[in-house]
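Shared between the two complexes below is chain A, which has chain B as its partner in the first and chain C in the second.
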Partner chain A sequence: MVKIESLREEAKNLLKEGKVKYIIGYESGPNGLLPKPIFIKKPEEVEKLIWDPTCVFNLTRFLADEKRRKAKEKQPDQRPVGVIAKGCDSRAIVILLQEKFINRNDVYILGVSCEKEGVLDERKLARKLKNRKPKKVEFGEKDNFIVTTEEGKIEIPAKELLADRCLECKANFPVIYDVLIGEKTQRDGEKPFKALEKIESLSQEEKWNFWKEELSKCIRCYACRSVCPMCYCDECVVDTINFAVTADTSAEEKAQKIKWIDKSPVSSENFVYHLVRAIHLAGRCVDCGECERACPLEIPLRLLNKKMEKEAKELFGYEVGMDPTQPSLVSSFKDEDPEDFIR
Partner chain B sequence: MSEEFEPKIVAFLCKWCSSAGSDLAGVSRMEYPPNVVPIQVMCSGSVSPLYIFSALNKGADGVLVSGCHPGDCHYIKGNMYARRRLALVKKLLEHVGLEPERFQMSWVSAAEGTKYTQIIKDLVKEIKLLGPQTKLRRNL
Partner chain C sequence: MKKLGSYKLYAPRKDEDIWNYETIEDSETLVDLDYQNTIVAPKKIIFPQREIFLEFSTSNDNSLEIREVLPDDKPVVIIGLRPCDGRALALMDKVFSGEFKDTYYWKRRDQATLVGLACNTPPSANCFCLTVDGSPHSKEGLDILLTDLGDKFYAESLTEKGDKLLGEAKGLFQDPKPEDKKEVKKIQAESDEKISRQIKNIKNISAKLKEMFDSPFWDEESMFCIRCGICTYLCPTCHCFDINDEVASSSPLKGKRVRTWDTCQFPDFTMHSSGHNPRPDKASRLRQRMFHKFQYFVELYQNFQCTGCGRCISYCPVGIDIIKVLDKVKDYGA
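Let's turn to the complex of A and B:
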């Protein structure tokens, strides 16, 4: 069992000793259920920290923002930033380290092991509770969650509420950390890549129809991009911000500027956007499930990224986010990489 | 009278091998279908997956990426990176339901004019059977 007191104690000491600039953690949210991220700068604020099955967010997203902020400062505070990381979040840090986007001494990782459980899927909970409003979710004694509603407490088996990615999680403990809270225990989950089974059994035409229906829903709000810890590019291919049309812009210049992907949320453009995102996340996606959670239209984006993870494993024997010293998937190769598809 | 469907194929050919191979096919007066739009790139490793998606998006019925044989790359290992990256692209396109024949990759050296014409002939034949590509085509 992860004790919140030990997490708070650890955070308090770090802030007191001035080892970290601030700590990114979870605090209970305004509507009672989902928490919100909190940036703790003072030791007395650590009491606000929480740890329960609703801590779904991947806080490593803020490390990219922190890097940008630091780059603008004249005399930046060189101390590391403390961040609370679950298993999946820690793998995201591994990728950032692999890509040398951040340095190891820029971040102080307070690893939290998910132990027997994981985090819940808000939508699954809502479906389970029907119209009752959950107020609080806690870890139970044995593989269950205790949900507090207005009508009292209910115990629900964890398996029914866990997010899909938690069910398939390959390492439910941080792979990299400075302090570890909780124990490294392997949970017996479902088979890895189980979510893909259904779609892989479909024919090409059925696959197309499935994706067409799903991706046509996309309104291109880019929530998936905003929430992704790996989408840290300064400029994105779908944005046209780098092409300022002024009074002096000639028709020729406008015509010559390549518009890779149109802004209109039509099926064909949505496809290109999501394909590009999937390929950019190949060998980088740590399966934190944030894109799918953030999507207002419930597009199963995880299936795209998971497929890439599976191919990386099957074709190239590449495990995503386990070793910071490993080169990234597409910036390395092996002589024995498959080439049976090449004529 | 209905005209037979003539596919449009975009071929990204690397400057050092495949492009020279297609030149050889040309100067040797070998016959092959005129459905290919060749685009010379410096290396097959410089072909971004976006180029492929974009070609399909802008109306190509098929895409071919061709580079030097492994070990012959002018930039030592560009084609090795391409091989890994484009294997993923191929799997991804299949995953979303595009016919796998629409995206192909080949190794053609500067001396393989015949191989180049053969690849194009096969590709055109396969894509003719599939018909026009409308799945990813821009439809605003």
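Let's turn to the complex of A and C:
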């Protein structure tokens, strides 16, 4: 069992010794079940850190913010940022390292092992509890979660509440860390990529109709992009931020700046946005599940992005996010790579 | 439902786990009002996320043709609006009137009869309508207010449009008995007690905010904001928009001028054509949202622009909580 005291102790020492600028962790949510991210700067504040099945967020997303912040400072503090990372989160850090977006000494990874469990899917819990409101969820003994509602505590088998990605998880513990809290115990996960089986069995037309219906709900809030640790581009295909304007830029040039995707949330544009994002995640998506969790319309985005992970494995034998010394998928090749699509 | 044949009916519908307003096409479908609240506010029916203003094309002789595209002439009934969402439309009405009355907004607004549903229990754990001068049985913005009495609904008409609709559905209603009216009053009083999240007395929040414009408070509060558009797109009163030309072909020229929702939380919202951006960071954008809701709107229209529906709190992916921010503003510097 991961002891929260060990986590807090590690965090406290790091801050006392000034080894890190601050630590990104989870604190109790102000209202409702899910926790809030917190930046801890002072050693005394470590008491706010929590660790329980509700810690679903991928905190590595905030490493991009840190990089931007540093870029604006004249004499930035060069100490690393501490981040609490689960197995899936650590794989996101591996990708950031592979792509040289951050350096290894920019981040101090406080790895936490999910041990035998994983994290909660809030929607599954809401369905299970129906109208009862959950206040707290804790790890129990014997593969159960202990859920506290107004009516008291109930034990529910973790399997029924785990996030879908946890059921297939292959890295139950961080693959890269500076310190590891908890043990590297393996869990009997489901077959990898099981979540994709249902949709893969559909015909081409059925798949098209499935996505057409799902994406018709999309309101293009871009939460999926904003919450993804891998979407760190300064100018995204949907934005028009960094159009370099000089004194010589004509009005016509400004008016005709290419817009790749129209702002209208119509089928064609929604498809292009989501498919382009999925392609940009090929060999980079670690299935942290944040995109699907953040989507207010509950669009099953995991299916799209996880397919990219599967393609990486099946076509190129590439395991996404395991080895930071490995080059990224799209910037490398092996002699054995398949060539049957080259005519 | 059959009686409403001449109207287009919008009601909350459940798709797997989520509720959203959709049109009810056939008269056999029952409207299910046993719901909390929809994810996207009903503002999307009066103020759609995509509105075509006009179409343009050039013909063979190179002359430009511009055709205005107005909303359909079909009268609409929206049923099941929560009082906060109804009130939100009353607030949006102020924005789209004044010196310039927005043709598109008002065509849809005038054609719509809004049948609200009072909240016997708060639809969300994050409801706070009472804090912002609303109430779970507010009548503002609505044409009819329904109260669920368990085995029947009590319908109260509030406007001429409401009278007209009730008149058309005459056979479906009976006159209320005195005990029905008593029950309604009882439910209303009880529902006021059930709103769990409240901040007492935020009358001076507008003045307080004004003092805090340059404060580092906003840097701290916006630390975790991930710059998505959830808070603004789900908000029943947010109404900022972008206008773009969507060109289908350039020769011959054919395209549409389209209005779409936009959000002050996207980094390029205030990007000027010079390249300057007066709101370059998250702090200034979060501040903008708070000020627009609780300071600018108060100065312009003497009302908070927030109706306390709680959607921004429930759906923010990183747990930024507008009630907590208001609380901190209230106590700031004390």
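Simple rule for what comes next: the second predicted complex is superposed on the first by the 328 of 343 C-alpha atoms of A that agree within 3 Å, B and C clash if a C-alpha of one lies under 4 Å from a C-alpha of the other, contacts with A are read in each partner's own complex, and residues count from 1 in each chain.
What we mean here is this: a residue touches a chain if its C-beta (ideal position, glycine included) is under 8 Å from a C-beta of that chain, and two chains touch if they have at least 3 such contacts.
This one's a predicted model, so the numbers in the text were calculated from it and none came from an experiment.
K.L.:
Taking chain A as the common reference for superposition, should the pair chain B and chain C be classed as clashing or as fitting?
P.N.:
Overlaying the two complexes on chain A (C-alpha atoms) leaves chain C and chain B fitting together cleanly.
K.L.:
Identify the partner contact of A:107: answer first if only chain B is touched, second if only chain C is, both if each is, neither if none is.
P.N.:
Neither partner.
K.L.:
Where does A:221 make contact in the superposed view: on chain B (first), on chain C (second), on both, or on neither?
P.N.:
In the superposition, A:221 touches chain C alone.
K.L.:
Looking at A:158, would you say it contacts chain B, chain C, both, or neither? Reply first, second, both or neither.
P.N.:
After superposing on A, A:158 lies clear of both chain B and chain C.
K.L.:
Put simply, what angle do chain B and chain C open at chain A, by C-alpha centres, to the nearest 10°?
P.N.:
In the superposed arrangement it comes to 90 degrees.
K.L.:
Could you tell me if A:35 is touching chain B, chain C, both of them or neither one (first, second, both, neither)?
P.N.:
It touches chain C, and chain B stays clear.
K.L.:
Counting only touches as set out at the top, which of chain B and chain C does A:254 meet: first, second, both, neither?
P.N.:
second
K.L.:
Which of the two partners, first being chain B and second being chain C, lies in contact with A:294: first, second, both, or neither?
P.N.:
So A:294 only meets chain C here.
K.L.:
Tell me the contact category for A:133 with respect to chain B and chain C: first, second, both or neither.
P.N.:
second
K.L.:
Could you look at A:263 and tell me whether it touches chain B, chain C, both or neither (first, second, both, neither)?
P.N.:
second
K.L.:
Once superposed, minimum distance in angstrom between C-alpha atoms of chain B and those of chain C?
P.N.:
When the complexes share the chain A frame, the smallest chain B-chain C C-alpha distance is 7 Å.
K.L.:
Please report the chain A residues shared by its interface with chain B and its interface with chain C.
P.N.:
Common to the two interfaces on chain A: residues 262, 264, 266.
K.L.:
Which residues, counting only chain A, touch chain B once they are in their complex?
P.N.:
Checking each residue of chain A against chain B gives 199, 204-212, 237, 260-262, 264, 266-269, 271-272, 275-276, 278-279, 282, 304, 307-308, 311-312, 315-316, 329-333, 335, 337-339, 341-343.
K.L.:
Under the definition above, what is the set of chain A residues touching chain C in their complex?
P.N.:
Answer in residue numbers: 29-32, 34-37, 39, 57, 61-62, 123, 126-127, 133, 217, 219-223, 225-227, 239-241, 243-245, 254, 259, 262-266, 290, 293-294, 296-298.
K.L.:
Touching chain A in the complex: which residues of chain B?
P.N.:
Against chain A, the touching part of chain B is residues 49-50, 53-54, 57, 70, 77, 80-81, 83-85, 87-100, 104-107, 119, 122, 135-140.
K.L.:
Which of the residues in chain C end up touching chain A in this complex?
P.N.:
Touching chain A from chain C are residues 15-18, 20, 39-40, 49-50, 125-126, 197, 223-224, 226-230, 233-234, 242, 244, 246, 258, 260-263, 266-268, 271, 273-275, 313-315, 317-319, 321, 323-324.
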